[in-house]
Each structure stands twice: as structure tokens, then as C-alpha cells.
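Structures given as C-alpha cells follow.
Paired with chain B in one complex and with chain C in the other, chain A is shared by the two complexes that follow.
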Partner chain A sequence: MESSVFSFTPSPSDHPVENALRVAVQPNMSCRGWPADAGSKALENYTALEDAFVIAQLKQANAVIAGTTCMSELGFGLVNDTGARAVTEDLADAALITDYIGESRAAAAKAGIFGFKPSWGRMSRRGLAGLVPSMETWGITARRVSEIRQIMQMVCVFDDQDFSMRPEPLPDFDLSRSFQNQAPVIGVAQGYEQRLNPNEARAWNTALSALKTAGCEIRPVHLPDPGLFSLAHHIIAAVEASSSAGKYDGVRYGHRTDACADWNQMYLKTRGESFGTLIKTFLFQGAYFQFQQYEAFEQACRARGKLMDQTLTALADLDGIAGLTLGEHSDPPAAQTIEDIYEGFGFTLPANLTGLPAVHIPGLARHGRKDFGVHIMGKLFKDPDLLALARFLETVTSKAGAA
Partner chain B sequence: MNFDQRVSCGSLNTDHIGRHVLLAGWVDALRDHGDILFIHLRDRTGIVQVVFAPGNAPSQVYETAAALRNEHCIRVTGTVIQREPGTENPHLDTGKIEVAADGLDILSSADPLPFPISEKSMLAGTGEAGAADGVNEELRLQYRFLDLRRPSMQEKLFKRHRIMTCIRHFLEDHGFYEVETPMLTRSTPEGARDYLVPSRHYPGDFYALPQSPQLFKQLLMVAGFERYYQIVRCFRDEDLRPNRQPEFTQLDLEAAFIDEEFIYALFEELVPEMFAVGGISVSTPFPRMTWHQAMETTGTDRPDLRFGMTFVDATDLFTNTGYAIFKQIVDRGGCIKGINVKGQSDQLSKNVLQNEYAKQIVPEFGARGMTWMRVTGAKLDSNIVQFFSGHEQQQLMERFNAEDGDVLMIIADTSWHTVCSALGQLRLHVAGRLNLIPEHVYKPVWVTDFPLFETGADGLTSCHHPFTMPSATEFDPEKEEECLALTSRSYDLVMNGEELGGGSIRINDRTLQDKIFKALGLSGKEIEDKFGFFLKGLSFGTPPHGGIALGMDRVISMILGTASIREVIAFPKNRRAFCPLTGAPAGVADTQLAELGLGTGGPDQSLPGAAPEADLMETLSWVSRIQVSENEQAEVRQALNQAQAMARDINTHARDLDGRDPVYTVFPATNQTREGTRARRHILAENRDLFKNAPAVTGDFFKVAGILE
Partner chain C sequence: MTYDAVIGLEIHVELNTPTKLFCDCPNRPGDPPNTHICPACLWLPGALPRLSRAVVEKAVTACLALNCTVQKYSAFDQKVYYYPDLPKGYQLSQHHRPLARNGFLNIDTETGELKRLRIHHIHLEEDVAKLVHETEGRTSVGLVDFNRAGTPLIEIVTEPDIRTPEEAVAFLKRLLTRIRYTGASECSLEKGSMRVDANISIRPKGSDVFNTKVEVKNMNSIQHVKDAVAYEIQRQTELMEKGTPIVLHTRLWDPEKQATLAMRGKFAGPCVPDPCVPAIEVDDAWLAGKKAALPEMPDLRQERFVTGFGLALDEARAISRERDVADFFEAAADAGAHPRKAANWIISQLVPALKELDLTLSRVPLTPERFATLIRLLDADEINGAAARTVLVKMLSQDQPPEALVDAHGFRQVSDTRALEAIAEKIMADHPSDVQDYRSGNPKVMGFFMGRAMKAAQGKANPKRMKEILIRKLSQ
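Take a look at the complex of A and B:
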């Protein structure tokens, strides 16, 4: 089984440390000397020249990089992704999954484990070959919250070579912190239930009673139209992808087409051959907004500002905003078109658009055989608080499981 | 309710003390002193203080007064009394008196305000209350009805009315008739895009809103009205500019049996009267410059004559120079011109002249470079002065009338246009930077004798419009050189470097008009299609005539000294040609479109008569350099259809989002300065690791296919 989970594993001598935390990574996360093709022909045969900042922090903290999992092309969506399987098959204690639209949380939800996306700007992205600079983060999946907290403690170090980082005091992910003696206040969008289909609504009610039993106060809050989140995310992400994929030109690295008469032909063919159909359609959409409908891109950015304002206002008196992680018919690993991806990740993408930290908690929103997952967004840069809340709810689920 | 006895707030003064009055207006401001309530009551004439004290009025009046809020519309009765010494308000014209109220009706209450309207402080010594000028303009435009309540805005529109009235009286006195021309018409040849109005009765056909009433006013001359004017709305669908409106107001005027002198005399009388409304005196007669003189001395057809620094030509001084650059330019028929920035050498250091002006600013103006010289100790000082002979230096000093402390800035180029245009921009830049433009000075000038034709991409085009009378009628329309040498009997009225308006004497002879069309290369069919109706008119005894049009929004904005023309328009569009008040332009019902024979599928559906657009996928494939294979085409096209639908979708939110700034990152990205870094070769380049992943390398370079085709 191992071979189908990992696309690359180091020779055994590479990890001499006993009982070290084992972390699986994706092939767009640079580990010096390891292949790193980001699941794309655009980076065919690429070998990482340096460790990504986060990887270097992990190594320094004596974590072991267990191997490279398989990933979708450039990490957008979850087709072919094996990250979460590395955890469920116990090949790693945690798996890092690039999160543009909810990939880490959705992968965790499918696998029945925890998934966490930190605040944008919390982890350095140097050495992460990404596609959507204003939204992307490393995501962490693990069987328990404690592994996520351990990794956050190791990697949240200021890096002056990532423009999104601010020299803030380092957060404390104290493993013992919990909400045990308080009542967490959880916001739920007004009219949320009306947007769910019957099975989703039943799962959601199960989740609500579990949260209430655990002592959470549920408070209705006014949140903006979910459709606008998706529309704004889609337009902005497509434009950023089209722009940041410009570097894949077959000159410095990656696939190069056979000999061409001139360099325009070289670019056209090289890039035509480098991208798979799914990413290509996304890049064309981005190019359309960039070159033909720039006003639509600017409107999407205006919408983003408005959605951020409204979400932050709603969050002001809350510990988090909760909803389901997956819809009944969303099957992220099976999403083969851009439209399907946006359909499948509709519940997780607001956190990427707003940059807020978000966690998927398994086991609380079951209906029938399916666990829809509880998804909670926390306050910007309050990642430790959100993980403390996740830990608190983890104890609830394990009790529920025991009962 | 009877308002017959109403007196206006602003009219009250100490003469009225003791009088019982009825007032009505809006609550401008309130001050509650516990047992006494003061309000400022405002109507369009001004503000007066009203006092509600328990002793003065029945108790229910006092109770009603407690419910007053800003901008409630009210009716008050009371007695005018003198204010206690020391409580007069110098900010109010009525500040010596107040009205002790004995009756009050709230005519209509007001919701909480989106921004303050009051501009007058209630207390002496506290200065003017905060005006709404600092409020976001989008918000002001959205609540324009409240914005216009502000006395300062009322004043602007009142002055606009006064200026318009002044024009009407003046032109009435000079025998002009006001005649209206149609708004729904055919496209006229003004050069900008038309706003089109679809016709329901002729599906697929369109009216155009007028860009100006040009042809109609000329036909009114054919019709024998002799003197016509109209204050008329015109429409141009041009690219967005901050100080431009899609619709604007022109003073449009035409007269028969006149020449240029009639227009000059008329406007040298009218313009000072208009400016007098703003307390500005404009002296007459207005100076005149031909277009060529204006270009020669200021490099622009809109010369700003509030300051000097006009051009000095020095081409002839360098016919035999040893300075190779000048020599080459002179030999190739170019020219050398400069300006003398008098006494400013302390402000213009060598560093500023060389590194800012010569290297950055002047190249942006389109010239290749600039030569500068500072005058010290009766000598020229510069980085190139050693290339000039002593005689040349001496002649330069004399030609530019150069004295110690002066700075000469000289531009040389083989193209006369480049020299004039770049030096003209430089003249304005230097004047602005050194504060050499005096304020509150108004310098008009007539710019005349524009070229008749200019060369465009497809041969000759008219500089003005094709009905402008040339200065000479004997020319061969087939000979381009001959045509380009012609000037026209046209004139622009320029004030402080801004064009206020322009016009010309028109052609009244059909044969001459045909010659002009021939020079423009228009075919008989094109002429008939575009101007057939007009040319027919021209063939029935057209009198000699000419006219002018002034852009009134711009004129009024200049007279009132406002920051933008939107300040002098009651309901303007914003900078993006959008109306935040009404939400125009907006979508319409599909049924409306269907009635008009227009598609209902949005902009990507081709309209009747529209040319097919270039294939979107092909275009994007090229600009983003990504080839699409046969078997991917269907998916890419489907994704693009989705993207088009999304663009329409996001635009339906435009109204909610208007006025917001786009947000590109969760929080502003910061530039970080790293400690201790200095220029060095990156280690990965040094050890050649960077090349390890490259598909093709040759020596120290990445290898690519041929760049030249």
C-alpha cells in the first residue's frame, strides 16, 4: 500500500530519530534534494534545491519528513491526493496539504481526521510552489489536535522573505490549553438550516445538539450571501493562478516542448503541454478576467473587502463561526472540473477568501454512514484559540464515541 | 396650513425686533440647555436662531420642541428679539437677533443623517462647523438631495443659475433667439462615440443623442434666423476621465452675416459679465495668438499666460556649432528652443536639473533629452558648456536675456512638434514646481488660425470639423502638401491654459464643401450617407455664418473655483460615469429588450448588425501563451462561457460595492527590509545549482528558441 500513498520516500538512513513526529508532505513543498513536481508536467523532473522555510523548521525541531504524497495538479482540488491516507494508514502522524479552497479540511473530512488551515500570514510560504498567493496556506491534517498544535508550535516562526508575514510575537500553542472551564460561544449564520438539504439538516442538528451538550452557546449571526463568497473566490483565484502560473515557461525548469522555430511557438507549445485540462480551464478563466474583464476582477476584490468586513464584524463577540465541512453531494476527491470543485468546496472556501484560520472536526455531524464534519472559522491570528476550541470539542467527541 | 405670512430666515435683522413672524425651514443645528432649547432654522435664504423657553411658549410647544432633530422640516411662529450682549453670533448674518418661539409644527421628520449638513457653528468663537466637504464623494452623490441642502452647495447652483441668466439676458439684448434642437437624432461627425437609443418602431435601428447641435444650428442659419443660441445638453461616450461627464451643458451659438470680429467682440463683452458673477474681473480686449504662434512660444494650443517663460528659439545660433548633437539636429532641419527660468537657480540645483529633469521628467514628455545651463558670474555653467564656443555662449546669453541666477532649459530635436510639445510640458512643470503661477489671476486668449487638416492613419482628417471655412479657397484637394499648409478660420477661447470653448466661420458654398470632402478622401456615397440632408440645405442660398460653443460646466467650475465640475452640477455622474443616486446605468427587463429587437443574452450575444468578435479562446490562448489541443477545446470554451456569466454576475453587485476600494490581500502586504544584505551573486547561481533543473543550458545562460523571427 505504501507505494501508492507516497510518490517518494527517502532511504531509511535519512530518519535516525526514534519516536520523532512523522510528517508527510506534498511534492510542491520543497525538501532539498527530493523530487518536487507539484503534480504537474510544468515542473517535470524538478528537484528541490533548498528546504522550504517550514520544512527547515520541522527538521530543526527533529520532526521527520516521512515522504512525499501524491497530489492534484499544482494542488488545486483533491483529485489523486493521498495526503490524508498517509495519516489513516499510519505512515505519518500528520500530513501537510496545500489549502487554496479547503483542500486540507475536505481531505480530513473524507478521511475522518482533523484538518486545520492557519491564518493567512501565519506560516511562511517560502518554498511552497503555490497558485493563489493571496489565499494559499499550508494545511495540516492529523488524527488528533495535539499533532496539529505540535506542528504549529514548530513552524510558526517569522520569515522576512515572505511578504505576507508580519513581525508579530510568536503564538503559544500550549497543548494543555482548553475551553474546559468556559462556555465557547459559537456563531451560526441566520437561516443556515434553510440552505441545507434534508440529510445535511439532520446531520447539522446532530452537530448542534452535540455542541450544546458540550456546553457551547449557539448564537445566530448575520453573515453575507454564501454565493458571493464563492463567486469572489473563483474570480480572484483564477486571476492569481493565471498570473502566478506565468513562471512555468519551460526555460528555467520543468517541461520543454521539442525544438521550435521561435520562442513564441516555444512558449505556446510548452505551456500547452505543461498543464492538464482542469488547470488549463482555470488559467483561461483567469486570463479572461485579467485581459477582457478586469473590472469584474476589481469588483470581486471589492466584494472580498465587503465579505471580510461583514465576517469580521460577525466574529467580534464569538469564539468561532460553525457550519458543515462537506455537503451531502460534495465529493471533493472526485471533482473533475472547476465548476465541480467550487460546488464541492463551497463550505470551506470563505476561510481562504477572508484569510481566517479554520478547523475541521470529525465525528460531530454524522447522519447515516456519512460524517459531514463540523467546520469552524476563528479570528485572524487567533490560531491558538481556535485549536484550543478544537481540542475542547475533541474531548467531547471522544466521550460521545465512548458512550 | 397657511404660509402666506411666511418670512424668510435670512431676511431678518435688527429692524424686525418686536415683530411677530412665521418661519418655515429645516433644523440646521440644536443646542439643548436643559430648560432652554436653541435651534438654527435654515431655509434657502439663510439661518436664524430660534429659542424655545418654557416661559415664552405654551407647554405643548416646548414639549414638541424636545422631539426636534437635525433636518426635521418645521414651521415656527415667534417674536424677533435682540440677543443678549455677548451672545451675538458673528458667523450668521442674522447673528444679532433671535426668534423667541411661541408656536411649532413638525411638518415632516428626518431619519438620522448619513453625514452632517450644518455648516454654521451655533457658538461664537468656535469657527465654522465641520462642513461635509471631507465626506466621501460617493456618499454625497448617493444622498445628493441632502448634500444639496448644504448652504455652500446651494450657493454654487444659485451662482450657476445667475451665470445662465446673465447669458440669456445678454443674448436677448443682442438679438439672439433661443431655439431648441432635437435630442433624438442621427450621429453627427464630432469624433467621439455616440450614445445610442434603440428604436422600437424600427427594430435594429438607432437614434443617437447629440454630441453637439452642429448641423442643426447651421441649418437654422440656412433657415434665416440669423442669430441663434441654445443652452443645450450634449452627450459623448468617451473614455473615463476624472473631470469629464457623459452629458454636459454647452452654450451653443451661431450667427449669419458676421465674421470673426463679431464673435470676438460679443464674447469679450459676455465673458467678463459671466466672470463678474464670481467676483472676478477679466480685462479686455482679449489678446490673440495664431495657433502657430501659440505652439512656437508655449508649445500648446491652450497657452497659460498667467506667467512668462515663453520659448526662445536658438536654432540659428548653432548652424556651425562644434557640439555634435546640436550640429546634427540643425543639419537635419530640426530646431532648438529653450526657456529662461528667471532667478531660480537656487531652486534648481545641478542634481535636480540633471538627474530629475534631464534624465527622468523630460524623457517622459517625449523628448530625448534636455540641455540646461545656470548663469553665475555672468557666465554659463553646465555639464556641457565646454562644447560651446565663447561666441556661442555669448550669443546664448544675449538671446535668452540671461542674467546671474537664471536657469536656461533647452530642448533640441529634429522634430519641431517634439520640441514644442516637450518644452510646453516642461514650462508648466517648472512653473508648478516653483510656484510661479499667480493665483486669482485670469488671463484669456483667443487662439486662431488652426491648421485645417492633419494627417491621420488613412490620409487627411479635419482638425476641427469638415464644415470649417479654410483661410484660402484656391487649393488642389488632390495635393496633400498643399492641403496641409492650409489654415482655417477657427478660434478657441482659452483661459489660464484651459479651453473654454471654440468655433469657426463655416463653409457656405457647396462647391467648396465638396472640395473639402474630396481632400478628406470621402466617397460620394459616404458623403450622401453621412451628410446628405445637410448638404441639401447648403445648396439653397446659405448665408455666410459662423459660431462658437462654450463648455458651461467647465466655465462655471472655473468662475466658482471648484475642485471638480461635479460640484457645479446638481446630479452628476461619478468618475466612472455611474450615478450613485439612481444606480444608472442599470439593466432592463428582457421584455423591454425583446420589444426593441435586441438580444436578451447579455453582451456576448451578437446584436443585429454587429461585426463578429475575434474568437475569445484564440485571443486568450495567444495572450497567455497556452496552446489548446483539439480535444480540450470544448472544455475551455465551456469554462469561458462560465467566466462570462460570472463577470455579469459580479457586476450585478456593482451598486452595493460602489465606492469601496478593491482588497487584494487579507491585510496590506509589507515591504520588508532585510538586515545586512548587499548586492551579491546568489549562492545557487554561483554553484550553478540553478541550472540543474533547466531543460537547456549553454554556458552561463538558459537556452531558448530563437527570439527573432
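Take a look at the complex of A and C:
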């Protein structure tokens, strides 16, 4: 069983501390001396030269890196991803999953555990071989919020070599606010329920009841059309991916095709053989916007700025904006095309586009046998408060479960 | 029909910062291949670029020296294209928001008029790796040296204001002098720290249209620029007269064939804002500090040398061309050297000697104070010009004051009247017929007497005093 979850595990002698937090990572998260192929032939046989900043922080805090899980190619989507399974099968206390569009939260939702994406700029991206620099973060999945908080406390250290990090005092996740004396205020997009199908709406109403029972104040807020988030995400992410994957040329590492007549043929053949259909499609789309529709890319960037402003404004007096994590027919782990990806991650991608922290809470939005999950976006860089809210709701859920 | 040329230049200048643009690797591209590389400049998976503050500071200083307006905000873009010398599929450059805009330099045209040539903008960018083509053996291979990957460049893009090869040369000379003054770069086309591309088109005289331009690359000296631009103007003129359309493309200057040769279609890939490198925000107070710290530029210094030290315009221009030379001159004059004499010796003796030995003033033990002493010794006739030249060259390698070298080599001149009179009397006694010849009205014999006298004094006689004594004695 273990071998189908992990693509690489260290020898037992690499486990120096007993009862330490066990963290599973993906093979695009650099662990010195470990294979780091990012699930792609483009990085075939590549070995990481140094620890990623986050990995180094985890090791310094005596966490154990349990191994690398299987991942989708370059971490885009969840096909073949086994990160959440490492947690549910108790092979790790937490699993880190690269989050471009909602992968960590969707994986958690499918597995019935918690999933968290920090604010962009809260965790150093150095050593994370990513694809969409302006949106990617390390996501964390775990059975309990406490493990997520524990990891955040370990890794949220300022890295002066990652400009995206905010040079300010880092948060103390143990001293975040409590909701015991002041009820959380949760925003819900006006007309949200009308956008859901009947089963989704039923699950959502279950969640709303649970939130209200827990004492949450539900407040309708004006939010932009979710389709705009998806469109802007798609164009910008594809363009960034096209550039980011440019370095996978087979010249210095990774798969390289057999001898060719000239270097141009070598590039074409190497890259043609290196990437799977999903990534190729995404890179082609990105190149199309770069070379043929640059104006559309510029419009997407402008739209992104407005969407961020509008979302931040809506969040001003709230503790979070809630919705479902998954739609009834969305099945992120099975999404094999770009259309399926954007369909499956439609509820989670606004947090990536805006850089806001977001958490998936299991157990609150059930209908029938399906748990649609509650997805809450918090305020920028208020990650501890969002995790405190998640902890508060976790307590509610467990009480409800116990009852 | 006669034509006007329309010429714009794109000039890459390599900044001489200690490290590269986005990492801490040494900025020494000429060192043994692939010795200055790291995950960031190799763009290994997960590596992040970190913008060098030192690069931004030097670049801003160079922009100010070229009279540009430094922009409050500038940012990097990805210039997307594939080539083996580019390890990540795009070059980090500033396309949409360059570091500085709207600069200018004034030049003197061939007709002696002052002409202002405008600079459209200056942007920062990283250099690419160097390709080495190994052709020995059965299969030729292309090797990549990443030492140069990520070294810092500024690209200076002019407006198409240049009309002749001579103007292009004058502009480049003015530009490299000013940048060298800031200490931001050596600006050597020969050594590769400056590269010039020229965009050239022609149009009927009097017209204001911009016709299709041709880019010319691979000009490795100022003379190459002049020759290549002149050739290209001639080539396009001939095409125009034959009615052959001019096509947008790039050509390479071949200095051996003295011709430009077609290279490839002009690249026009996209430039996408980069999400990994921080934007540059220039603080007003910081910029004011940089402006205040800008060294006095050569044209102002030239003026001051004329008015303050009494140098002729040509002397002042030559002395102020390089900052280290101008600093040296000024310090020597302050140390008491006669300014014009010091300037002449620097231009005619010191600079050529340094060039011959491939040295710079910063690498020799000669100080301005010692140089001033040497000039004083010469001025006081303590040594003659030949001895002064020898001592000057020795001071480039020996850490000794000029007096010590003069005495050690017995260069001090004999100015003692009695000793010189004795020499004169002996020569006259040995050559009575020549004395008679002189006294009969043949002044040319003086050269013979001077030669004999200097030989008798083993070259140490003060020639001015010796001549005076000879004239007096021969006239008695």
C-alpha cells in the first residue's frame, strides 16, 4: 500500500526523532539528494541540489519528511496525486500539495480532511518547482487543524531571497484570535444559492444551518461574477506556465531526445516527448496568449486587479467568505483536460487569483453520502485568524458528530 | 537623387558590479567556463531570482550621466524566445517599464555645430550564456558557458536622430566617456563590455518618412561602427536606386570583407511581465543622493581645465577624456606641477607608456605627487627630457620617488657654469678650424659643438646652459 502512495521514501536512518510530525511532500518540493522529477518526464532523473526553504524550516523544527508522494505532472491538477492518501492512510500527519488552482483543498475535500492554502507571500516559494509563480503556494492537508497550524508555525519564517514575502513580523499561530466570545462573521455572495444545482443547494443549506447553529453571523456580500475569476485565472496561469516550463529544455537536466540535426529540432522533439497532453495543452494556450492574443492577457491582468480589489473590499468587515469546496459533478482527481480542471476547481481558484488564504472544512456541507465541503477565504496575511476560524468550526463539527 | 540616413543605436553596456543581476555569483564572465554558476543563474527548478541592489545603483548612475529621467517605477518582463544560450526560455529585460527615459547627449558635428542626440530609454537586462562551437573531432558540438548568464547589462536605445557614421562615432565616444566617468562600466567594445547594434534606413533628402530599417550587429570597435554604418548606407542607397525593396532583417558586419552580411529575420517575440522579480521603486531622496554624488562630467571638467588651469582646449579635452587621467592631472597640478607642462607630459608620455605596458593608473605605484616632483625637476633643468622619460617609465613599476631614481641612474644634469665652461674650452681647443668656421658666419657648426659637448658630459649637461656658454665663448 505504502509504495503506491510514495514515489520515494528515505531510508529509516533518516528518521532521527521519534513522535515527530511526519510530513509528506511532493517531488517538486526540493529535498536535498532526493529525486525531484515533479511528476514529469521533463525532469526525469533530476535530483534536488538543496533543501527548499520550507523543507529546511521543517527539518530544523524536527519534523520528519516522510517521503515524496505521487503527483500530477508539474502539480497541475490532481491526476495521480496521492498526497491526501498519505494522511488518510496514516503514513503522514500532514501532506504538502502544490496549490495553483485549489489542489490542496480539493484533494482534502475528496479525502474528507482539512486543506489549507496560505496567503501568497506567507511561505517562501524558494525550492518549490512551480508552474504559476504569481498564484502558487504550498498547500497543507491534515486530519486536524492543529497539524496545519503546527506546520505554519514552523515554516512561516521570512526568507530574504523570496521577494514575494512580506518583510514584517511573522504571525504567531498560537496567539491568534479566538471565536469563543465573539461570533465569526461569514460573508456569502449575493445570489450564491441560485448558482448551485439542487443537490449543491441542499448541501449548502446544511452548511449554513451548521454555521448559524455554531453562532456564526451570515452576511450577504457583493462579489464579482465567478466566471470572471475563472477566465482571468485561466489566461494568466497559462501564460505563466508557458514561461515557467521554458526552462525544461533537456539541455541541463531531464529527458533529452536522441541526436537531432540541429538544436531547434532537439528542442521541439525533446519538449514534445517530455510533457503529457494536459500540460502541453496548457502551455500551448499560454503561448497563444503570449504570441497571438497579448491584448487578452493584458485585459486579464487588469481584470485580476479589479477582482482583487472587489474581494478585499467585500472582506473588510468579515472573518471570511464562504462557499462550497466542490460542485456535485466536479471530480478534480479525474480532471484530465483543461476544461475539466476549470470546471472542477471553479470554487477554489478565486483564492489563488487573489492570493488570499483559504481553508477547506470537511463535514459541514453534506448531502446524501457526498461531502461538498465548506471553503472559506480569509483576509490577506491573516492566515492565523483563518485557521482559528477553521479550528472553531472543527470544534463545532466534532461536537455535531459526537452528538 | 541624394539620400539621408536615419540611424538609431542600441547599445549594451556590461555593468562592472561584483555580482550578477539576480544572484551572488561573481560577475567575471571571462574566468574559466562554468565556474561562476548557481541554481539561480542556471535557473534550476525552484530557484528564485534576487535582484541586486548594487546593479540598480550602478545602472541609475549611468542613466543620470546620460541625462535620463529615472522612472519612479520600473519592472522586468520576460522576452520569450528559445536559444541554447538562454537557460530558461526567456530573457529578463525591461520592455514595458524601463529604468529611465528621455536622455540626451550633445555632440560636435563634422561642421562644428552642436547637435543634441536623444536617448529614448535605458533598460536593465540580464546577459545570456556564451556559446562555444567546438569543431574539432568527427562531430562538432556546441558548448555552453554559463559564467556570463545573468551578468548585468543596461541597454541604451537612442532615438533615430543620427544621420552620419561620424555622428554615430561622436555619440559613442561621448557616451562611453561619460559612463566610464561614473565607474559603472569599462565600456570597451574590443573587450566585449560594450556592444553596439545599429538600425539604419535611408530616405530621400528632405523627406521625414521612416523607411524599413536594417539592423547591423557584430561591430567590435568604434572604427567597425563607422565602417559598417557607412557600408550599410551605401548598400541601401544602391538598392534604392535599383528599385529593390529593403527588407527588415539583421546583418552582421564582417571586418575582413568590409561588408555587412545577412544573418536572420528580425526577432519579434512577446514580452510578458515577470511575476518573480520585484518591481523597482526609486525613492526620491535616494535618487537625489545619487544625483548629488554624480561625478563632474568630462565636458564640464574640460571647461574648468581651460579656465582654471590655462590649458588649451585640445589639451583639456584629451586630459578629461578618462576620469582617472583627469583626476591624476588635477592632483599633480594641486601638488605643484606646472599645469600645462604636466598636461603635455601626461598626454604625450604617460598615457602612451601606460597603453604600451597595458597598465592603468590604478595599477602603478606612480602617484600624482611623484609625477609633480618629476615635472618640477624637469622645469628646474635638474634633468633633461630624455632622463625624465626614463624615470617616468621606471616609476610605473618601481615604488620610488623620482629624486632617488634620478640619483641612482646619475641623471642629474650638470648646470655648474665652471664645469660646462671647461668642457666648452676643451672642445674649442680640440677643433680650432670649426671655431674659425663658426666665427666666419656659419651658425650650423653650433650643432657639431653641442653634440661634442653633450658627449663629453655623458649626456648630463644642461643643454640650455651649455648652449649659452658655447655661444658666448665662440663669440669672444
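By definition in this document, the second predicted complex is superposed on the first by the 400 of 403 C-alpha atoms of A that agree within 3 Å, B and C clash if a C-alpha of one lies under 4 Å from a C-alpha of the other, contacts with A are read in each partner's own complex, and residues count from 1 in each chain.
We take it that a residue touches a chain if its C-beta (ideal position, glycine included) is under 8 Å from a C-beta of that chain, and two chains touch if they have at least 3 such contacts.
Just so it is clear, the model here is predicted, and its values are computed rather than measured.
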{"item": "Side-by-side fit of chain B and chain C on chain A, or clash", "value": "clash"}
{"item": "Which of chain B and chain C A:241 touches, first, second, both or neither", "value": "neither"}
{"item": "Touched partner set for A:126, first chain B, second chain C, both or neither", "value": "second"}
{"item": "Which superposed partner A:341 touches (first chain B, second chain C, both, neither)", "value": "neither"}
{"item": "Chain B versus chain C as contact partner of A:365, first or second or both or neither", "value": "neither"}
{"item": "First, second, both or neither for A:52, with chain B first and chain C second", "value": "second"}
{"item": "Superposed model, chain A: greater residue contact from chain B or chain C", "value": "B"}
{"item": "Partner chain(s) touched by A:255 [first = chain B, second = chain C, both, neither]", "value": "first"}
{"item": "Partner chain in contact with A:38 - chain B first, chain C second, else both or neither", "value": "second"}
{"item": "First, second, both or neither for A:24, with chain B first and chain C second", "value": "neither"}
{"item": "Which superposed partner A:301 touches (first chain B, second chain C, both, neither)", "value": "both"}
{"item": "Shared chain A surface residues [contacts with chain B and with chain C]", "value": "46, 49-50, 134, 160-161, 163, 242, 246, 249, 251-253, 263-264, 267, 291, 301"}
{"item": "Chain A-facing residues of chain B, complex", "value": "616-617, 619-629, 632, 635-636, 638-640, 642-644, 646-647, 649-651, 653-654, 656-657, 660-667, 669-672, 674, 684, 689-690, 692-696, 702, 704-709"}
{"item": "Complex contacts: residues of chain A adjacent to chain B", "value": "45-47, 49-50, 120-121, 134, 160-161, 163-164, 166, 228, 231-232, 234-235, 238, 242, 246, 249-256, 259-269, 271-273, 275, 277, 280-285, 287-289, 291-293, 295-296, 298-306, 308, 337-339, 354-355, 380"}
{"item": "Parts of chain C lying in touch with chain A, wherever the complex brings them together", "value": "39, 42-48, 50-51, 78, 80, 82, 84, 87-90, 142, 144, 269-270, 272-278"}
{"item": "Chain A residues touching chain C - in the complex, by the definition given at the top", "value": "28, 30, 36, 38, 43, 46, 48-50, 52, 125-130, 133-134, 160-163, 239-240, 242-243, 245-247, 249, 251-253, 263-264, 267, 290-291, 294, 297, 301"}
